[in-house]
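Pasting in a structure now, in structure tokens, and then I'll have a few things to ask.
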Amino acid sequence: MNYFLEIFLGGLTRGSIYALIALGYTMVYGIIELINFAHGEIYMIGAFTALIVASVLTLLGFNTLSVFILALVLAVIYSCCYAFTMEKIAYKPLRQAPRLSALISAIGMSLFLQNYVLLAQTSDFLPFPRLIPDFDFMEPYAHIITTQEAVILITTAIFMTILTIFIKFTRMGKAMRATSQDKVMAALTGIDVNRVISFTFIVGAAAAAVGGVLIASHIGMINFYIGFIAGIKAFVAAVLGGIGSIPGAVLGSFVLGWTESFCTGYVSSDYEDVFAFLFLVLILIFRPAGILGRSESNKV
Amino acid sequence: MKAVLEVKGLSKDFGGLRALNGLDLDVGEGEIVALIGPNGAGKTTFFNCITGMYEPTEGDIFISPTGNGNVKERLQGLKPNQVTAKGLARTFQNIRLFQNMTVLENVMIGRHCRTKAGIARAIFRFASQRREEREIVKKSFEIVEKLGLKQYVNEFAKNLPYGAQRRLEIARAMATQPFLLLLDEPAAGMNPHETDELDELIRKIRKDEGISILLIEHDMKLVMSLSDRIYVLDYGQKIAQGTPKEIKNNPVVIKAYLGEEIDA
Amino acid sequence: MNLFPELRKSFIASLWFMFLTFPIMVIRVNTIENIVEWRWMNLVFVGIGSFFLSWLWRYLLSRKEMGVNKKTDDQDRTSLVSRLMKNKQLIIPAAALLAIFTIIFPHIFSTYQTSIMITALIYVMLGLGLNIVVGLAGLLDLGYVAFYAVGAYAYGLLNYHFGLGFWTALPVGAALGALFGILLGFPVLRLRGDYLAIVTLGFGEIIRLILENWNEFSFGPSGIANIPRPSFFGMDLSIQWATVYIYYIVIGICCITIVIVGRLQDSRIGRAWIALREDEIACQAMGIDKARTKLNAFALGATWAGMAGVVFAAKTTFINPASFTIWESIIILCIVVLGGMGSVVGVVSGALVLILLPEYLRAFSEYRLLIFGAILIFMMVFRPGGIVSDVRRVYRFESSAMDDKPQEYS
Amino acid sequence: MIKGISKMRLITALIVSIIFFGSTGLGFAADTIKLGIAGAHSGDLASYGIPSIKAAELVVKEINEKGGILGKKVEILAEDDVCKPEVATNTATKLVSEGANVVLGHICSGATKAALGIYKDSKIIAMSPSATNPALTQSGEYPNFYRTIASDDAQARLEVDFATNVLKVKKIAVLHDKGDYGKGLAEFAKGFIENSGGKAKVVLFEGVTPGAVDYSAIVQKIKKSGADAVIFGGYHPEASKIVMQMRKKRMKTILISDDGVKDDTFIKVAGEYAEGVYATGPKDVSSNPLAIKATEDHKKAYGSDPGAFFLNAYAAAQALLNAIQKAGSTDYDAIAKALKTEYVDTPLGKIKFDDRGDAIGVGFAMYQVRKGAYAEVK
């Protein structure tokens, strides 16, 4: 029974990691129907910024807790600035362009950011400082769930709840939902669509930055390429749950995380990814709009 | 007069909502029948059930195409393209043209179900394929000319004025050589001058091509002047049918359209 | 362009970029020896660079806005390249010159250049194949590399087990490609847009992962080595001559592909695809069998990928799953979109640009991919329709309806 | 002639792009000996390829100062193959057409296999400092291939013998990173364990996905399999992720790995979790005077410690150039004979090559991470 629990928790951690990234994909897709290929790179830049800030601060003699807070905050700020700039350069001019052109522009931006960090920093793996100290009250359960995994789960849960509340009850939240339904109509009712779109990118980037810092301290190392693989998986999770719906992204991420974990645990980790993709294909064939997605039947 | 289309007890439910409730309707050969009713009465749903877009919950749909005796064929369960191949062509309430294709090509698409050239013939371009292509272009051009779209022949569909786009949709439908043409609010958004032109056009189609026409329309002047018979629909129910004169002063129809007379 | 506001805007942009790139450009941290390196010079470069770049960017954007308004009023906005091809006198000599050039190419350039050109021509085939699926039928396929891998492994395995030669493997690879095209086409018939993209992406990854993990069948990651090059009537050739021979084979296949794709595009099937791309519901309502048309597109697209796979295996004589990753699908998609969706000429030039450019950017090797990414963004912002936007066929009718014969002129 | 108008449009586009991109062929300068260097000089495996260039540069500088070979200066042609087979064929063709006499490379086994066919046809000797795939020499298909590193089966043999005889572990889990290097080594290890006469048993044989976000599932599986030791085939990023998550879950399982992990970056990245990890690596030559000199030269020239496979590349460069010197010409057969007969002094010791291309006198030793550094385990 214990083994089942461990695999389950492993799947949960993996799911929450995907959720933090998948969120960015779903929100951006919901607003301007674009697969933001460069979103994985925002997650990587968040991790790198935290690494740099943490190293500089530890050298200047700050205590670990303040280093963690500052690194997290600065990572979020910088990731959001990168996302904001990226949207203004690569996506804003393409609002009216055919959708495929925006997709290629996203691919170009992803390639650019990867090599920008590769050239500015290094191609090797960099060890990531252990920002989250191991709390002693977690010691007895260490073999089931470590502090990092627990912190990741809790942070994901907090972030999701704040976001759902924000979307549901605030003015900007309504504006975002309106814009995702129909940009033209939203603009007509006085919503500054550009500001809403930028804001969506920023919120998506914040989630990715938090994800970047937590995951990097969990895995203990980063390089310029971690964004790409995690990005693809998170995007698969977002589509699995029904692209465009925030609870869908979370659910899709956990479903993907469990599929991979249980496949590794009970079958073989060779075919972990094959199972994940097969599962995605099966779900989409029977529910073409994803688990929670709303299948927009276009009026004849 | 032989009925080319017979609909018996047609119903359609969307979840709990019964959009169509046991509708009986028929269209005679070479007849112009109109289907009118307030918005949401189920007119377009009816069209979609006939053309295979929706699967009707109950009821039967029979057709016996002009000119091949009294053979009756069931229509439900066929996919939209099979329905068109059988000879029912339709236009759409909100225009659905192939925007980035030229006018001529839009009409040529109509010819698709009447031609057979497959991949091999396309690659090797045998004489038969080249003849068929020329045939398609010639027939399509004739229809374009007939519908008065000659000056737009190489224009992109999206660049056409509104009236011309409406006529292109009809031209495209006619390219499939239908025996029954289903027009979904063809005069919507047209000014009186354009509506008169449309009236004259539909009469010419019926006269020249012998095509029967089933029309959904709100423009009462056009409906009254064009149609041989009229069905009135309200909340998925047929509330009246008959010639334009009968319908014009049928109290039930007036109530459905204009609402109760409130006695002072 | 009054100077002062532009100066101010550029100055703000330069400050913004200096702030933005501060941590990553300026500070390089060596967490191993815990030393922090401060590269202030980078900050200056970023500042100046972004000052001028932002100015240029805004200037180009304003020109693009003006350009768009200019375009909408004069209808025939065909680009320079298409107009260039229109007038007759220019085409015939240009075509002759090109034919001569392609024939003598391998003899006037080193084997290295020829071998890069072969890679580029393989991508021309792949681009033309994907063009049918994405450019014509509008089905966004992100797993196209799967059929490429099927072709390559078909040749590799059939040669290893049954000693099949190149010329027999070529049609087999194409047929297997088509078969997989249909197999992967069926489940996605009802999907649309991004869901179709992600499912095809899934298929591409599934096939690569199966090739990677199923050792008994595909020799797993170690791949299949010394796959024979096509022999010239039984005579094994030296590397130089083999490359030249493969070059002519690929040119031949490319020309056949171009002719066939060109003909398909202007045929009944081609029009059905374009109608499908434009509006799926209207296309079905006009009597086109949606399912069959989609499967045709997938199968035909996959056929070319299968053939390209066989040629790739013959050229590199060694294949392993690592060369069939998702990046290949993305590069081929970029070729189709960047070249000009739906236009054969566009896809061909897109392939040549996207494959030869990184090779010739080898001089500044590390910056290669950085520049490539920037070019992708630049191209899409300023030419979303691609290099050669698809110019529809135009028919001229002089006399009255009845007796004239439509004279094809495009 | 291709009929129809739209074909003409295409041909004009082809002509425009080919002329624009075709650059003139390179002339041959016959007055220098060309040492080609091929490997990953960019991309994520760059850290394995770049040290070989530096090693060759140091050897060539030294030789050119002493008047070069056979009276000719030695010239280096470095070409990047990003460790991808399809790029490796282009790189090999380029080196051949630029007239490389001998080639130091390639780095990754897959790229080497792809390129060797081209070198074989052009009768050019290729010597790799790092490609350890056994089939390269044992298959006999590549007579022109040599290497200054032992092959995977030797490494796997040492790892299994060490685990069964020295550590006396009964249950071993064999993992790999699904790469051709890692999986090849893991399969050899599995084979050796299975016919080790019951001294140990393979309780788990699986591949992990490189770059995955989290390895807790596979770590749980190791724990459930009750393995005392894990033999891992692959590179240090995956190894450190696995060892970290094992230690975090308070697992005491021993980790034994290969020379892809015997690399200082592994210790720096895994930090205190690396303590006690075993890894095989080339024989310890730190006491060899030539090795000390080479490392000093590197520090002086590049201001940092040498990277992966530096000494192997240094030895390979010396062996190649020495063979040309002894053979008295750049003729393929003469060099091959010289390599097989002449001993040459290198940082890896006095080495010569057997007729299949493996270096005699180059072997593996077992190392363990003790107090943050690899120490040889006698």
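Per-chain residue numbering starts at 1, and chain names A, B, C and D are given in the order in which the chains are listed.
The criterion applied here is as follows: a residue touches a chain if its C-beta (ideal position, glycine included) is under 8 Å from a C-beta of that chain, and two chains touch if they have at least 3 such contacts.
Bear in mind the structure is a predicted one, so any value in this text is a computation, not a measurement.
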* Structure fact -> Taking each chain's centre as the mean of its CA atoms, the one lying farthest from the centre of chain D is chain B
* Structure fact -> The larger set of C-beta contacts, choosing between B-C and A-C, lies at A-C
* **CA centroid of chain B to CA centroid of chain D, Å** => 72
* Structure fact -> In whole angstrom, the CA-centroid distance of chain A from chain C equals 29
* Structure fact -> Whole-Å distance, C-alpha centre of chain B to that of chain C, is 42
* Structure fact -> For the pair chain A and chain B, the C-alpha centroid-to-centroid distance in angstrom is 49
* Asked: Where in chain A do residues touch two or more other chains at once?
  -> 126-127, 270, 273, 300
* Structure fact -> Among chain C residues, those touching two or more other chains are 31-32, 213, 263, 281, 366
* Residue numbers of chain B (touch at least two other chains) -> 53, 92
* Asked: chain C touches which residues of chain D in the complex?
  -> 2, 4-19, 21-26, 41-42, 80, 84-86, 89-90, 93-94, 96-98, 109-110, 113-114, 117-118, 121-122, 133, 135, 141, 178-180, 183-184, 207, 265, 268
* What residues on chain C touch chain A, complex-wise? -> 16-17, 19-21, 23-25, 27-29, 31-32, 34, 36, 42, 57, 61, 64, 134, 140, 187-188, 190-195, 197-199, 201-203, 205-206, 209-210, 213, 281, 326, 330, 333-334, 337-338, 341, 366-367, 369-370, 372-377, 379-381, 384-385
* Residues of chain B that touch chain C when the two form their complex -> 51, 53, 79-81, 84-85, 89-90, 92, 96-102, 104-105, 108-110, 112-115, 117-119, 121-123, 125, 129, 132-134, 136-138, 141-142, 145, 150, 153-156, 159, 172-173, 176
* Give every residue of chain A touching chain C within the complex, in rising order. => 29, 33, 35, 45, 48-49, 51-53, 55-56, 58-59, 74, 78, 81-82, 85, 89-90, 93-94, 97-105, 107-122, 126-129, 232, 235-236, 239, 243, 270-271, 273-274, 277-278, 280-281, 284-285, 288-290, 298, 300
* Asked: Taking the complex as given, what residues does chain A use to touch chain D?
  -> 3, 6-7, 9-11, 13-14, 17-18, 123-127, 142-143, 146, 148-149, 215, 218-221, 223-226, 229-230, 233, 260-261, 264-265, 268-270, 272-273
